[in-house]
Amino acid sequence: MTFYAPFCLPFILGAAVMFLTLAWKWGKWLWLLPRRDKMRLLRGLPTRRTLQAVGEVISESLLHRRIFRVNPLLGYMHMSLAFGWFLLIAVGWIETIAYLGFRYVPLQGHVFFKYFATGLAHKPVFDQLMDLLLLFVLSGVALAWGKRFYSRAMGLKRTTKHVLGDRVALSALWFIFPARLVAESTTCAIYGGGGFLTGGIGGWMADHIGIMPLLTMESVAWWFYSSCLGIFFVALPFSRYMHIFTEIPLIFLRRYGIRSGEKESSFDNFQVEACSRCGICIDPCQLQSVLGINDVQSVYFLRDRRYNHLRLQVADNCLMCGRCAERCPVDIDLNTLRLNSRDTMHNVPDERRYGYFKGVDRSSGEGKVGYFAGCMTLLTPRTLSAMTTIFEAAGEEVWWADREGGVCCGRPLKLAGETDSARKMMKYNAELFRKHGITTLVTSCPICLKVFREDYDLPGIEVLHHSEYILRLIRAGRLKLEHGSTRFTYHDPCELGRGSGIYDEPRAVIEAVGELFEPASTRENALCCGSSVANTAISDGQQVQIARSVATELEATGAEVIVTACPLCKKAIGRGTQRQVRDLSEIVAASIK
Amino acid sequence: MKRRSWQEYQKEIADDHYYYARSCIRQNFFPGSEKAFIDILTNDLGKDLLDDPKHSSCTGIGYHSDIVPLETIMTVVARQFSLMNEAGYENFVTSCITSFGIYTEILATWHEFPETEEKTRENLFKATGREFRKPANVAHTSDVMFHFRDEIAARAKHRLVNAVTGEPLRVVEHIGCHYAKIFPKSGIGGSEFPYVLAGMIESWGGEVVDYPERRHCCGFGFRNYLVQANRGYSIANSHKKLESMAPYKPDFIVANCPGCAMFLDKWQYAIAEMEGTTYGQNGHGIPVLTYEEMAGLVLGYDPWALGIQMHQVDVEPLLDKMGIEYDPAAKYLGRNGKYIGKPESAVVNCCPTDTIYDIRE
Amino acid sequence: MGKYFDMLMEDVRMREGLNACMNCGVCTGVCPAAEFYNYDPRQIVSIVQSRDDEAIEALLKSDTIWYCGECMSCRPRCPRGNTPGYVIQALRTLSQKLGFFVESEKGRQQLALKRIIGENILRTGYCIVPRLVKPELHPEQGTVWQWIYDHDKEVYGQFSPSYMRHGAGALRRIDDESLAEINRIFEVSGGSEMFETIEKHSDRKAREMGYEEGADQQYMMDVFTTNSNEHY
Amino acid sequence: MAAINFGYTISKPRVIDLDRNNLRKSDEILREMPELQTCIGCGACTAICTAGNLTSFNFRRVHTLVRRGEYQGAYEEMNKCMLCGKCRLVCPRGINTRGVVMLIKRKLGDF
Amino acid sequence: MKKRIIVIGGGVAGMQTALRLAEQGIEPVIVEKEPELGGKLRGWHVLFPTFTPAEQVLTDLRRRINERGIEVMTSTEVVGLEPRSVALADGRRLTCDSVVLASGSTLFDASIKEEYGYGIYDNVFTSADLERMFNEGRVAKADGSAPRRIAFLHCVGSRDEKVCQQHCSKVCCVTGVKQAMEMKRLFPEADVFNFYMDIRMFGPGYEELYREAQQSYNIHFVRGRISEASPTLEGRVQIKAEDTLTGRPLRMSVDMLVLLIGMRANDDNARLADGAGLQRARSGFMAPRDLFLGNVASNVDGIFYAGTVTAPKTIGESLNEATAAADAAVRYVEA
């Protein structure tokens, strides 16, 4: 039995190109991994993490569990295509073995088995099973077609606008399975056999079409099927379909503890090319939903970065609220990638910058607790006086860390991509904190908090957001609060919630003084106030628009007072509502017995 | 220039009997000009003028260098007035713009703050036993020259026109800040469009050229020139003016203030030596005249008798243009008519006088 | 509050020169010093009218007040009738009175001015005489000046019968009686006191700066020539 | 030339000379961010500025100079900014001041 | 018999006063020294902040005056007034029951500010010149070419002790903004600079206009009063000022320098006031009896004020004040 026919050529060439490209890409990316990451990989291989990775590959790459969470229909679509195709290949392989026993069969032999196996006795079980699987995949294709026309059914208000290469690959992909159905059905029409689908259609064709046209049709159909596969395979490594194969090593590497950092690295390639451009990140983006900006979202950012045509306007126009990353089915570390792109675009290592820090330190005094109000908090003096009241009520000895000599925490510069400059601030402040011998560092600004926790070297100093600190005081009985009947709603600041995982403490504090009403989008789904320091592109008017939309949701809770725990959010939301907007500390200070 | 407004700034200028106060800078750098002024007034116009040997500097340069207190300069000025009273004059003319500014300013201060006049009288009496009466009239020497511009024009031997083409000479005037900027009403034509020099130029056939930095200071700035470390300021201001006027191709500059005349002349030399920039025709500088020299030339005075040889920028091209005859060989003669050597030639100097002297030597 | 302001207001030039500034900048727009120094007369007036002692003291000790060339171009233009140049004169006088002038490079130059111009006035009755304009200290005076300087009697003799001699005429020697009057005027009216103040504070500063002989010729030549080039 | 040691040089003018200044960069900046032109010079940005309270950095002055085509030193000055963003919150004209800093740095970085 | 009130001045304030008086059954007489009604409005092109053609307002007022048949005496100069009579230059004396003085104000003569060279340098204009040029449809440099750079200077003849005009003329700021925008519309490629000390945008829509001028028209606002103007070789005008927000002197040459001239009190205010015992403010404008409760009344019973005779005002304000003055006069004659 020979497993070759001329029509196989497109498929063979396509598959060869694909596998060679894949091998080249993976090889290069792995080779270029920083040494530390390579060591992580080697050390991780023989551990349980490998098994966990396999499990994740199955649940995510094949079953698309996370997409199911976004929308079941969308999840089914992705699963039917991925898992269905995988099963077709796997079961096809078993079928070949079942027919031919364990012997070498070239790749095209497996793929076009129906064509080559006409002379063999049929095994109806496989015919039926393979047809069932084909139907499964075809149902996914049908949904994919449908999604083009009516994406809302799958929970997507907007879908990705694709580039030309993607469209070619997509078209090829759409035709692969219908083409296979027609090809196999034609063969069944001529030679008999086939399951309920191919056999059924084949029987119908045999009844209605003459043998000569059928023969021609068969040839054309198999050529077409092979060509679709070939085109798809050639396009795959260069299109969004690269994600099919990239997500697998990504899952493994991630399991081994490899992460993207503030500088671009080879590992980023795995993340960037693992994006399937599913477009799930578009809807949560408030730049999209409120302002109608629709070319800066993560999907476009990753696409532009992948094809090396990332523009500043795209990289810079992002609130970095993290709402998209929260939803990403591939769990790509979107904010970090954007940050290191900004680093590449904006960072200028310049030793002379911020030379003036030498000699600005006018600080004095000591204290166990250092309070770093944060630049923005200086514009919300009520927060400052509330904190003073709280410290006094709790009898805390406080050293005011940024009253004399403190500089900006460095996070805004880091978010702007000026990483090296940000480091100067981090170094300066860290030294300042150490000099004054504090053991606890409290800040009212979640922006500062995040950078203190993640980027500062502060051994022996516990960093707390004032919400955490206040809750501790309450729990330790150092603050006695009056529980009133005021109805509060709480706005999760991005840097505090998604950024630092602090959701419960502020809520517990609010509940200690009044009633809490949750807005529609809350906790991980909370909206961004729009004034994020990460965005230097949108205008003041646009910031207010976002603030208004956020405020509308918060007002809808019926609460009298909007509470937040970030000075910037407070300022921003205050511009979008007539309601009272208060920092957490204010409502606490007002309720002290 | 459509300046009509000067007529609104008419000031009283005495017709005769002047008490003359010399200028430190003018007598240092333009002694011929002072001599010419006296000669023109007394000889050509037949006026009475007293050159009193007892008067001193007004100490204005010291005052504006802030080392002479206001009370002191007031008393010095009072002494000058006292000398004038003593000599029986009441029309004070001063040969210096700084002095002119000082006299007008002090008279105004005495008027505005009478206690300062009282104090001055007290000081003067204590120091010298003198008393004084304020002058009936204070004028700058150029005011007087302006006053007689038509009489001078009537006696003119030469006019400010190109002798060959008949075209009026293009003249840039520089007034000197303290002439009218302190008290616009004290200057003919006011502070924005002073007419004192323009009037002479127009009467004598020339054409006044207005240019963007006309009103700008020459850059003396007292301490700014007097202290070497600060001279970069001084030269920069003249540089700015020269750059601004150069495109207008002036035939010469005439200055009201002796300091300005000296600086506009000397800085051309320094700029050429420092950075190689030269102005004027063929890069040999724009001649700078005092108005006395201008008047002297118009009246047919010998250029060397006017002291024109004391200028760094050679004036001969202008003399040639005006058709004034002069003896090149007489340029560097001493008081008894004997040759006393010649200055080294610099970038801004043009006249091929070298050959003449080389032969003489 | 306002201690220095009150002291300044004792000076009639301040009373004449400062009404109420509205910061229009007309003065700075024409100011020759503003063009070539890091200097803004508007801000000087603005600081002075703030009556802030700390700010005024800083001003009195700074180079800033010594940039002005006293051309008075600011005077005819000010829409509020101020004269920043007068305010500067009052500030300079006070700075010298209080000995603050020695705290700045440009202020220290007052010693050179006192020694060159001031002493010349008392000696000769003139601010300037030809012998004072030494070509080596005045290279910009050019080759013709060198020639005049070398042949002064010959050159000046042509225009003045009494060059460096008694009598009327340019650069005559002023008679002793008149000179004595000038000197007494300086004694009586505060001129000499000003000279002494300048000497006294300069000497103190010179020693502070490490000139063992105090404000000697070396110190004077240094203040005369030193330019830190930090004024622009 | 230069044979004579004068002991000083001709001072350079400090005047903002709009006839000489090349306004190309300034125009580009205003085209990208027209709102910068709406600055009313109130100085709120400068008053609140973290860097400005530690140094002589004056945001209003620097961006005004840039708009006048005075680029000399503007990049270095802007590099004193910590991008903390307080200025943006106080600007009465709602100018995206942080964006202005980034834009000026970007446009003048190659100077 | 109908009461008769003489309205001195036939500008917007005078016309509106007369109209309001006629509405209330009074017989008004407008005495105007010019040959036709309209006052300053005759010289204006469009009005801030709406760019409404001045002609439109003027035509409407004149039409209503005609329709009402109000008596108008043009080319008639008033030399003196009393509550019950007005003396004319030709020696006649008109009797009446009350007088409303709506004689307006005078535009500042820019040539007095010599440092700007108005009347001396060809390309220095006043805002009034520019309005005339807009009306004539020929806005250009003196040589007829199109300007590439235009500077407006605010506060010429206002807030200036040197010319004895200490008051703010109120309307020049917004006029400067309006004219700058008009120039930018005519010459989109031109750079327009406004030199100001304060931008006083007190009226409705003015601040918005200012902002639009900045953001949409890219008009440059430089805080600093121009110190002097001088001619350049190319016939342009070089101006010097301080850019006070940077603390540095600024120099540039422009093709056109437009001086936004202020309003000053009429010269004959003094004579009229002395004759009638009226009080004047230090600025030379007539002083109302009380700036709050009697701002259209004079200190003399029976003499009322409308419009800019008391202080610089906008067209709208003059119209409003005219109504108030007419009402006050009616109350007086009918009391």
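Just so it is clear, A, B, C, D and E label the chains in written order, and each chain counts residues from 1 on its own.
Basically, a residue touches a chain if its C-beta (ideal position, glycine included) is under 8 Å from a C-beta of that chain, and two chains touch if they have at least 3 such contacts.
Because the structure is predicted, anything quoted here is derived from the model rather than measured.
The set of chains touching chain C and also touching chain E is given as B, D. The chains touching chain B as well as chain C are D, E. Ranked by how close its C-alpha mean sits to the mean of all protein C-alpha atoms, the top chain is D.
In this assembly, the chain whose C-alpha centre lies farthest from chain E is A. Ranked by separation of Cα centres from chain C, the top chain is A. By C-beta pair count, the most extensively touching chains are B-C.
Annotation: 38 Å between the Cα-based centres of chain D and chain E.
Centre to centre, using the average C-alpha position, chain A and chain E are separated by 65 Å.
Rounded to a whole number, the gap between the C-alpha centres of chain B and chain D is 44 angstrom. If you average the Cα atoms of chain C and of chain D, the two centres end up 35 Å apart.
For chain B, residues touching at least two other chains, in rising order: 191-192, 215, 228-233, 235-236, 240, 270.
Multi-chain contact residues, meaning those touching two or more other chains, occur in chain D at positions 4, 6-8, 11-15, 35.
Counting partner chains per residue, chain C has residues 30, 34-37, 76, 139-140, 225, 227 touching two or more of them. Every pair of chains in contact is given here: A-D, B-C, B-D, B-E, C-D, C-E, D-E.
By the touch criterion given at the top, residues 14-19, 30, 34-35, 37-41, 60-61, 64-65, 67-68, 70, 93 of chain D touch chain E in their complex.
Residues of chain E touching chain B in their complex: 111, 114-115, 117, 119-120, 228, 230-233, 238, 253. Per the touch definition, chain C reaches chain E in the complex via residues 19, 22-31, 34-35, 40, 42-43, 76-81. Those residues of chain D lying in contact with chain C across their complex are 4-8, 11-15. Across the interface of their complex, chain C is touched by residues 115, 155, 159-162, 197, 223-228, 240-244, 247-250 of chain E.
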